Amino acid sequence: MAVTTLWDVAYFLSSGLLGVLAHILPPLAWLLTNPNLVWLLSALLFGAILLGASMINTIMLIWFERKMLGRFMDRRGAMHVGYAGLLQNFADGLKLFRKNTFKPREADDLGFYGGPTAYMVTSLLMFGVLPISSGWSDGALPLSMLLALVIFSFAPLFIFISAWSSNNKYSLMGGMRSAAQMIAYEVPILLAVVAVVLVAGTFDLNQIVLEQQNYWFWGPLFLALLVFSIGMLAEMERIPFDLPEAEAELVEGWNTEYGGMLFAFFMLADYLRALAGSILIVLLFLGGWTLPTYVPAVATSLPLAGIIWFMVKTYLVFGVFVWIRAALPRVRTDQLLRIGWMRLIPLSLVAVVLAAALVLVKCLPVFGCVPSMGG
Amino acid sequence: MAAEIEKKQNPSAESPTGAVLKPLATAARQFARSLIRPSTILYPFERLEDPKFRSEVAVESGRPIGVGEVWDNYRGVHALNVNTCISCNLCAFSCPDLCIEMVTVPGGDPKHPKKCPQIDYGKCSYCGFCSDACPEGCLTMTTKYELSTPNRKDMVYSPQKMFEQFQRKLPMNPIRLERPANEDAILLDAPLCIGCNACARDCPTNCITMLDIPKEAPKPGEKAAKRIWKEPVVNDSDCVRCGTCISVCPKECLFWGTHS
Amino acid sequence: MSDMWINMGPQHPMTHGLWNLRVHIDGEMILGVDPEMGYLHRGIEKISEDRHYNEVITLMDRTCYVAGMAWEHLYIQAAEKALGLEPPERAEWIRMMSEEFQRLASHIMWYAAFVQDLGLMSPFLYGMRDRDLILDLFQSYTGGRLTYEYMRVGGVRNDLPVGFNDRARKVLDWLEPRLVEYDRLCMGSDIFRRRCDDLGILKAADCVKHGVTGPMLRSAGSKRDIRKDRPYSRYAQVDFDVATAESADVTGRYLVRMEEMRQSIRILRQTLDWLDHHPGPVLADRLPRWLGAPYAPIGREAYLLKRNYPKGIGLSAIEEPHGEACAYVVNEGGEHPYRVKFRSPVFANLSAASQYLVGYHVADIPPIMGSVDVCVGEVDR
Amino acid sequence: MSAAQPTVPPATKPMAPAVGPGGQLPVLSPDVSFIEIEALRSQQFLPAAKEALSALVKEQAEGTLIRPLFNWAGRNSLFPLHWGLACCAIEFAAAFGARWDAERFGVVPRSSPRQCDLMIVNGTVTWKVAHKLVTLYEQMPEPKWVIAMGNCATGGGPFRTAYSVVPGVDKLVPVDVYIAGCPPRPEAMLDGILRLEELIRERGA
Amino acid sequence: MDADEVRAKLTGAGAPGILSVDPFPGVAARVRFSPDSAAPLFPIVRDALGFPHLSTVGGIDWVERYEVFYLLWSDTAKTYLLLSADLDAKAPHIETASSTWPSANWHEREAWELVGIGFDHHPDLRHLLMPDGYDFHPLQRAFKLHEPEELEVKVRHV
């Protein structure tokens, strides 16, 4: 079996390890070769790899943004710490890690410390749900997409808790904006997802990707992609929808009072969410880890090829977000809500209707891919 | 007029919807342009003082980072040629921030020590008035600007330290000020003068000579020699108009004025 | 959340300097504002009384640190009137050129800071990049990047270096397409228009009532520009238009400033052409030496007693990048000015803050205050 | 410097000339390839990692074990407070502009003092703003540094005789690095930051 | 507009307390008036002469007296006008101009703070540039500047 997925790698490693151990300790072989133990160990290993990979990916994502933003702005971005600034964000993280931890006198203990931690944890939780390559969850989670979106929508709660408990007017306003914004943009996102579900016929992210083996959804569901991307921009709180952190009016928004490790949590979780958002777009609209069938098989048969293609797509999607950040100013609160409620929701409804119509006539406009409706 | 401007500058005013594409295109164009060489000077490695680098990124090159050759008149740290300094005090007098102090340097005679400027760069505002005022051109400004130090005391530059700057032969301000003609001159209120020689002794340019001038006609029966006094005469072409003579005159008989 | 007061400043990204905008808000709505100034009050008017006439110039660069040349020009005109001196013709043209370059640099700086307030970072970097070219030009003939100390009572310190005019033209050639690019990023952007239209409206009558001048007044339709109304220096001899807009809002101010930059380039081209063909002295002969550099101001009290120089009061007004600036210099026959009083345009523009801020959202404060173009140095002096 | 750190081989001291006391730097010709320039400073990580490893091998105390790495991190990621006092603030902004791009060194201004390590006092400090400056300084979490940029912050500059001006910010907060200039060029500001990095390396964060 | 025209217009409008109207370089005229008649004079200058824009208000300490001057601009005549009044040295005060020209508000606050001229009936006469409780008037001649004494510089403990 060719090693193609991360789960395979983890399983291979753990079974190999246990096999070697069983060889060394024959009396315990009955225990060590127990498939349940192998599975358990590989699950743990898988989790550890996932955690580390998502963290490192997030940090690389920050690096990617800084370098790319630099070029958009006619400068170079971080470049002197590590080769081409690769180590810059590790240095930032390490530094924030060892900064003095403090709490404003009037701040609430539980909210002040708990908020960022929960924000971080829930953002990390996403990566347990999102399949990065084939054989990731094997249908064990038939509603994985809904679960992912549920976890994604925890964030405003924790942002608001930490903003409220840091006892600062700017934080409070930022938190309130954040809550209003995220709630407003949940709806179009979910509706856009409905369009995808209509076409794919499943809530399982794995299945959705498999549906896109031959035709990616970005073509037929372009409207849904547009709505979903704009909604995701708002959910990630990136320019032009970064109102909660709007530097010019709200100092640093809801993390005004946070410094050191807790601020690092916020930063990291923000980019974790950005990564998760990009991954969701790739999963739902850009075919996940798959490549069109007319691409030579060499490209897909390499070890871990699925993951590599997936990450390439993810970074490209994120690059578009960076591009938008470099070109567009921030909108105002009321405009933001108006865009959300009065533009995106009708648009997403149209997208749903369109998707339903497409399913009904069993004909998808396809760009260069072989149509195979319903997989 | 206003509508005109608006129309001219904002062709998209008619159809604002979808106009986000234009800034996106502009940013993308900039991205493509700066992919090869962004406008960043990699400061510690590339410097605008470097003539070669400067001409490479000059405005003529089409991708301007600097405007090119003219950089040498930047007003940075002073360079002092201690050897030609005449201790005239003019730099200290002309300093608007009073950051120049005249300190004794070796080289003078014990009675009249040689004094050269010592500059406190924590107070200096780099206006260049001192180098404009320097009559001998020994105090000039170089292009050196890196002056960070963890120690406040290091910011006081002694004459020796500025002499080191001079010896490093950094590029110096090429634009020397043409000194316009000035009618001011040192005049003598002759009746008050006691002929003490203080002005001639302290004159940094030695342009004052004490001439024997008969103060008054000898009285009958007196020897003429007793009534002869020495009086300073200023050589205006050599005088740098530093005013040292005025400040040392015990009788305040020298003053500024015009010959006319 | 009911109404509350928030302090925006002294350390706040919106302020672009050191001042405090106390805002009374209800939710996101502004009920009232109270600007609190003085965090950068450096006593420039008082220090000027202890300085020689030329030495005050070093303070002028620092009074308004984005428009140093304009303030030098302002002060020098008043001081020359107070002392009864006349600069040579070429010096006047060089001064005018310097002021126009400064207007260009100041407006670009404004553009950079203003758009950054709206959350868009790239124009800040483009603006700083292009402004550095103008500062390089300044450096090539004054020796300073930000603090020039270039003008003197009776002229300017030195003539332009060889090849300056061509270099300056090349910079203008580079800048002109950049202005189009700036417009594409802002006026071409739907989001930008929606953020700035109908924001911070201050009609012409209110402007006059509250002493608001400069691009803010011209954006309300008034054609008031001291360069046209009361030409100083050699502005009567160059050809340019006064940029105006009708909307009296943030967009209007943006358009006026962008158009002013184009007009500045137009003036600069004419000025450079004049300077090409008219060499000559740049500093008047026979200046009193107590003026300070280029001579050393010496003699102190002893000199004071024995000279008689005409007394006088000099009053000058120029169109500074931010608006109408006036200087009032009293010469009481000393070697220092007896009293120096400046009228800062931003001071008046800020004092009307409640007129154009109340009724808008908190999120509107950065664009509105950005469109005012606050330079705290000249407000507090 | 080499005496203080005998373990560091000379080849891995790339920044030493840039911040030497004389301020003299070998001007590299601009035809140094892009890759070389990007690689130059990246070598700083290696000595730090090496030091940490050698500490690990020698089984030193826990503190010294991770100190080199944290020192490396601390000095390479200085977040200055984003505020502008006076003229120097314009040059401060210019240093973050496209031409000098201070972000190359990991210097990113933050608006909240809670997230800053470095206060760059870029202008005249008046008595009216003095206690606010001290408050901001105290809001910054340790370890923190102060750079007095320009002459006003260093000693009041041309305004030090004025009735409203603090003659030097070192009367209010401890200053680590002074940058002379009125205002200092953006390069001079970067030079000050590099000197502070050198200082952190010597002193320990 | 020159001094004669200003004088004619002022007398035509019945302006009280005009002491003299002289030509002055750079402005149409300098109008000296007695401080007691400020309140009725200001609206006349604004409306009858047509000077709706107040550029600045400044005070000068002449040791034996104080002077307050108002710089006005007329858009129609395109010229400046200088109003000036001599005030008592003991307790200089004058009627506020901010009821006529609202822009005088801050200028008068500044003049009060720095020069020490009181403005009667000013709506909001409090410190503008200096912190509250600063009791000196720095732009008076008696207020001298001096070099700050060298304080001991703290050394940071490593």
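Think of it as A, B, C, D and E in the order they're written, each chain with its own count starting at 1.
Convention: contacts are C-beta pairs under 8 Å (C-beta built on N, C-alpha and C of every residue); 3 or more make two chains touch, one makes a residue touch a chain.
This structure is a prediction, so every number in the text was calculated from the model and none was measured.
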Least hop count linking chain A to chain E through chains in contact: 2
Chain labels contacting chain A and also chain C: B, D
Starting at chain B, fewest touch steps before arriving at chain E: 2
Highest-count interface - the chain pair sharing the most C-beta contacts: B-C
Furthest chain, CA centroid comparison against chain D: E
Geometric centre distance via CA averages, chain E-chain D, whole Å: 47
Centre distance in Å when chain C and chain D are each reduced to the mean of their C-alpha atoms: 32
Rounded Å distance, chain C centre to chain E centre (Cα mean): 23
Numbers and ranges of chain B residues touching at least 2 other chains: 20, 23, 26-27, 30, 38-40, 42, 96-97, 125-126, 152
Per-residue multi-chain contacts in chain A, two or more chains: 70, 72-76, 247, 251, 326-328
Residues of chain E touching at least two other chains: 129-131, 138, 143, 145, 147, 153
Interchain contacts, given as pairs of chains that touch: A-B, A-C, A-D, B-C, B-D, C-D, C-E, D-E
Residues of chain B defined as touching chain C within the complex: 1-3, 5-6, 9-10, 12-13, 16-20, 22-23, 25-27, 30, 39, 59-60, 64, 66-71, 73-75, 90-91, 93-94, 96-97, 125-129, 132-133, 141, 173-175, 177-184, 241-243, 246, 252, 255-257
Complex contact set, residues of chain A against chain B: 68, 70-76, 323-324, 326-328
List of chain E residues in touch with chain C within their complex: 24-27, 52-56, 58, 60-61, 69, 71, 73, 75, 78-80, 82, 101-107, 114, 127-131, 138-139, 143, 145
In the complex, chain B residues that touch chain D: 38-50, 52-53, 56-57, 65, 96-97, 120-126, 144-152, 155
Interfacial residue positions of chain C with respect to chain B in the complex: 51-52, 54-55, 57-58, 122, 126, 129, 132-133, 136-137, 139-141, 143-145, 147, 149, 157-158, 161, 163-164, 167, 170-171, 174, 181, 183-194, 221, 241, 243-247, 252, 255-256, 258-259, 281, 283-289, 292-299, 302-303, 306-307
